[in-house]
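In what comes next, chain A is part of two complexes: it sits with chain B in the first one and with chain C in the second one.
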Partner chain A sequence: MRMAVSLNRWSGGWVRAFVTIGLTFALTAVLIAFSGKSPITAYEALFRGAFGSFDRAAFALNKATPYIISGIGIALCFRAGIINIGAEGQIALGGLAATWVALSWPQANVLVGIPLAFLGGAVAGALWSGVAAAIHVGRGVNEVLATLLLNFVALLLVGEALHDRLGEPGAGFPQSPLFEPNYWLSTVITGLQLHVGVIIAPLAAVGGYVLLRYTTLGFAIRVMGTSRSAATYAGFSVPWLTIRLMLMAGALAGLAGAIEVLGIHYRLIEGFSNGFGFNAVVVALLGGLHPLAIVPAGLFFGFLEAGALSMQREVGVPSSLVSVIQGLTMLFVLAALASTRQRTN
Partner chain B sequence: MDGFSLLEMRGIAKSFGAVRANDGIDIDVGAGQILGLLGENGSGKTTLMKVLFGMVRPDAGRIVFRGTAVSGHDPKQAIALGIGMVHQQFMLVESMTVAENVMLGWERAGRWLAAAEIADEIRETSRRYGLDLDPEALVGDLSLGRRQRVEILKAILRGAELLILDEPTSNLSPPEVGGLLTVMRRLKAEGKGTIFISHKLGEVLEICDDVIVLRDGRVAGRRSVADATRAELARMMVGRNVTDPLSRAEQTPGVSLLSVERLNVVDASGTPSVSEVTFDVRVGEVLAIAGVDGNGQIELAEALAGLRSSSGRVVIAEKDVTRESVAARVAAGLSYIPPDRGRTSMVASMSIAENLAMRDVRRRPFSRAAWLSRRAIMANGSRLIKSYAIRAPSPATPAGQLSGGNQQKVVVARELDRKPQVLIALQATWGLDPGATRFVLEEVLALRGAGAAVLYISSELEEVLAIGDRIGVLHAGRLVGLFERKDIDLEAIGLMMAGAHEAKTGLAA
Partner chain C sequence: MDTLALDFLVASLRIASPLLFGALGGILSERSGVFGVGIEGMLLAGAFGAAVGTFLSGYLTVGILASVVCGALVACVIGVVAVRYGADQMVAGLALNILVLGLTSYLLRSLVGGGQAPVIQVPLLPTWPIPLLADIPVIGPILFRQQPLTYLGLIAIVPLTLLLFRTQVGLTLRAVGENPTAAFAAGAHPNRVRFAAVVTGGAIAGLGGAVLALQQIGTFTDGMTGGRGYLVLAALIVGRWMPFSTFLACLVFGAAEVLQLHLQAWSLPFSSYTAQMLPYLIALAVLVMLGRSSRLPAAIGVPYR
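Coming up: the complex of A and B.
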């Protein structure tokens, strides 16, 4: 399954992205109506929950951050035809590594500790992705399987660490002790929960864009995504490119995990990143694999989740409905991709 | 004309935007008649046939088929009327048998597939038309020639009175072409009409009754084959003379530029596809290799270009590149024109300029350190578009929007502009019309004149004979003969291509 050929054709996708989102909301409205609630009231609550106050918006932006950062790495892989869905595990391990740094050197200076924790997260994510890359390139195992299955191992590793060395003694819940405040990501605007991690997301997007458009590596990615045989002919090494891109995506996902842990919870909690990696795949696809378009796509998901809670609170529609919306978005994105492929063939 | 008229198309016109693909075309096909439809890529043949088959609505004109006016039809209705089309890309399911493929999407086969009846019918029809098909055979196991016959069989069983064959010989080996022509004669004898679309003048002259030449969406000429000559048809197609023998300066080859010693390639399943191939190509020399497709040509070319692992020794301009990567070989002065534009030599989604820089992008001026120089890439694109007369609106146009001939010009421009010491060309004129073919051959000879060594591999014997200073034959992965141009023995080459040398002399390599 070389999906990327058709993925690359998802260009000028604004219209399709909006149609996708519109259809999703329409279908979800039907589901809400079936449960006996008014979709209009529910969506009103959702909207207010997402944009109703600066705090709500900050919450949504924080939510969007890991989606965007890991979505960029995923998009770079997909553009090269590497279907890497290992972000889920890489984010979790990134969080684990950042936690280990924070707990090992609790008194480190802010300017040393936080970069070190970021670095630790990125390295852990890259290493985990590197394992998948080694299995894929070295042994020829399909990359979808290698990355997907390693996710489960990664999540178990995090759980194991929390039940063992990194766990908070006597907490009764698998979580680490609270970090020292010098490891808390500072807030951008005083009084708001918005942490500095949100600045990294747009930087990653711009970086991804520049990489694709202005570097020889980006050129190689675009050639390889269309045809591996053309990439080999052009003198690029497909295995080496695969390894580099997977390491890059792993580092970004690991960084996203570190930011989440240092910026939101100030501790590692089991399951802190559940679903992040898979949502990031949907965000990357919804953004048409275009690094800059991934920013609005990620924001959409972030605001959706922010609004979900108030929708539940005010209208009594379960917040898990948001997972339905996310799932449907994925479905419609894939359907739209399939239909473009049929038309272009 | 013989018999009653089966098909009349009058004044067919169709425009796509500003392009007049068909501009008032009239054609007639009689029962039991084979009409050749000639024309360069983009001359309007495909559009005309799509109009006939109901895939495209014409802007004007009328179609009369078996005495009834036909309009507004779709392909399904066209089939019901008795028009069958065999596309260049076969529409077969490889994992199914011949019988299953025939039944697929055929209402008559019913919801509960009447497999046994259909199989009998296939045997019967296959015998009658000399198709030689076994209904139980898996399509995936069949050669391309056989698969094409399955398509023909499908059309006949669905009641086709008129068959459209769209460039049916372009991916067949010479013996398969012979087989197809035999089938076409049977179709003719059974009273079916055939429209035969082709670039190849020889085949058209051999099999057709009448021939119509299209150029720029109009009929450039119609002839009865009896009074048409190859040169005249070619002139009508391209509007200039392309059948004159290529002019080649006599030159004495110099030192060896490409030296290959005991090259062996083994494919993934462990079978050798190139065995013990040894040869030299010298300065200012073209070594042309003939052979039926599938005898190790692609493996040989890819091994030399560094795309496939091999054992043996490869030396380019006194530099041993046996262990070098693709990129290092390019840097050493090796250019390679691969056979397939679709997957290897061209990236359809990227711009013409990017395609022109594709194999040199990691060197100056196209990049510095890791950064692309988009300006240098575009400037190079504009320059090559001009100097190779590539018909393209702009260097930023996606390469996939170009016609096949212009795409190949892009590939040729890229590979020759490098001023290579050695050029390897494999099926470099595949799918090209005579004008574009001529262009490629002339460019290759110009490169020879400039002192490069050329390895020209093709299954078109005519081209091999026209271009080679020496001619070799590749059979079953072995280089079984090498002739100097002056000692060419056509019969011996033919026998070697067919593999007869082994039985006769036991000679190998």
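Coming up: the complex of A and C.
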């Protein structure tokens, strides 16, 4: 209820997103100049690093995939006024469940194993989100606190599993053994590290859009986001809607975790998804909580991270600048959204 | 009391002291109706200010002052975005934490390191045993043989409690957190009160960063607060936004961390990960048990306009 009022009024979203990004880059340029480097040279390197070659672009697309997939679920929740920030933990548990499937049935057929691992990831994410939903709906606990606290428990559970049953003996680092190649997500184009997850992300976006725009559930989400009492009056059960949405968001986040593990690392590594869930919140907001607009927002983040690495390598500008850009973007979007609400009210 | 138990308590208080500052700052912010998700960023900014300030100036006092200033400065971001513009407080807090993480790491490299990650060493604040009192058995070593900022944190509990519950300012602050409209009708300016509470809270939380940098670690490293700000949020819930109870919660969390550090030495039957989970699980259990009656300030998270 709280913020959804404004978030549904995302008009001129493209303009706002570009102004936001422009402002962020202007401020960041000052920081770069402050450290004695030329912002233009640095941004050139950033751009080259992001788009310079097919390999770089593939790297960026892979980076964007988990942000987009979990961002869709977050956006659906936020649209209904449920501030669900539990993706961070759900992604990690999704990766854990996929790992468990891959290590339990190492010889499974590709057509059985990978869907099963995806399913495992989605179910794990949904279950964890379900815990938060149950606490929120059943006991009236603030959903942000419930999802935030459960994130940390989830991350520690992954660490526990890696130190205990799933860890690679003698690795010296908390990681699982390498999966059998039949669990490696195939690449889309031969010769590029672009895994099939990049196809799932736009599909999820279209699915989210259709759901929100053309289904009864989508209508219910929009009504609930505008006014909970209106939703109740229209005959929708707010608690039941909340549970369904949080399960859905959890499943998407878990799936994103499974894709990351099977597509990039081919093993579970402690901290493989650090910051993914929080970045997905930024992506969802930057995309104005519109499922289709989340795709370019996620791509922006993916390319930004890819570019920052080569900016550090080539120009010597620390890649921690990415966090600065992400944080600033998020704050500007939030302020812009909120000030629109102030004016329209 | 045997020395093992005594060491345990001393270590718990030591680990709890940065949390304590974060929690005292968080109480101000959350009691006024603004979620303290950004405390992680304020602690980190404080630690950065303390370490870099001390390193560049050579004076520990400059470092301590810098930690207060840095904490308050980054809290201003929350004040502007979440209070002035009324954006979602939780998400604004997360954004601040991401921003501060990047900014401190970046500034450390460009201010001191010339692009590389420098290793800066700063002297630690010495222990100040209080004459006579420090010799009292049991209590002496725990309470009166500490570093200066720990004393400050322990003492600060009293004025903060008095401020919140015995003064007009505290009444206004709590009223704004419970029902800003009514507070406005009574002549207060809810958003000014909130802004002041958030920034003051940030300054106090910044000191928590100084404790970490100048009393415990002696340097600054990227993300050195390592989620302590989120532990503080859990402590606030467990302590139900009362200064002394929240301090006790911090102490319990400190004890959980000491347990985790000594698991192998004491051959306890659970893993370090389980011990690290304890604070979050306790906070969740408290929330679940209390449910709607958890005494969360009624208007927390709700922008006033």
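In this section, the second predicted complex is superposed on the first by the 344 of 345 C-alpha atoms of A that agree within 3 Å, B and C clash if a C-alpha of one lies under 4 Å from a C-alpha of the other, contacts with A are read in each partner's own complex, and residues count from 1 in each chain.
Keep in mind that, in the parts below, a residue touches a chain if its C-beta (ideal position, glycine included) is under 8 Å from a C-beta of that chain, and two chains touch if they have at least 3 such contacts.
As the structure is a computational prediction, the values presented were derived from the model and not from experiment.
Asker: Evaluate whether chain B and chain C can sit on chain A together after superposition, giving fit or clash.
Answerer: Chain B/chain C on chain A - steric clash.
Asker: Examine A:Thr232 and indicate which partner it touches, taking first as chain B and second as chain C; both and neither are also allowed.
Answerer: In the superposition, A:Thr232 touches chain B alone.
Asker: By the touch definition at the top of the document, which applies to A:Ser35: first (chain B), second (chain C), both, or neither?
Answerer: The answer is second: A:Ser35 touches chain C but not chain B.
Asker: State whether chain B or chain C is in contact with more residues of chain A in the superposed arrangement.
Answerer: Between chain B and chain C, the winner on chain A residue contacts is C.
Asker: Just to be sure I read the superposition right, which of the two partners does A:Asn142 touch: chain B = first, chain C = second, or both, or neither?
Answerer: After superposition on chain A, A:Asn142 lies in contact with chain C alone.
Asker: Could you say whether A:Phe152 touches chain B, chain C, both of them, or neither, answering first, second, both or neither?
Answerer: In the superposed model, A:Phe152 contacts chain C only, not chain B.
Asker: On the A-aligned overlay, A:His163 touches which partner chain: chain B = first, chain C = second, or both, or neither?
Answerer: In the superposition, A:His163 touches chain C alone.
Asker: With both complexes superposed on chain A, which partner does A:Thr215 reach: first (chain B), second (chain C), both or neither?
Answerer: In the superposed model, A:Thr215 contacts chain B only, not chain C.
Asker: So, A:Glu44: does it touch chain B (first), chain C (second), both, or neither?
Answerer: neither
Asker: Quick check: in the complex, which residue numbers of chain A touch chain B?
Answerer: So the residues of chain A in touch with chain B come to 8-9, 213-219, 222-223, 226-227, 229-230, 232-237.
Asker: Flag every residue of chain A that touches chain C in the complex, lowest number first.
Answerer: Its residues touching chain C are 2-3, 31, 34-37, 83, 85, 135, 139-142, 144-146, 148-150, 152-153, 156-157, 159-160, 163-164, 275, 278, 281-282, 285, 316-318, 320-328, 330-331, 334-335, 337-339, 341-342, 345.
Asker: Quick check: in the complex, which residue numbers of chain C touch chain A?
Answerer: It is residues 35, 37, 77, 80-82, 85-88, 90-92, 94-103, 105-106, 109-110, 115, 117, 222, 227, 230, 233-234, 237, 271, 273-274, 276-277, 280-281, 283-284, 287-288, 291-292, 294, 296, 301-303, 305 of chain C that touch chain A.
Asker: Where on chain B does chain A make contact in their complex?
Answerer: 305, 307, 325-327, 330, 336, 338, 343-350, 354, 358-359, 361-362, 367, 370-372, 374
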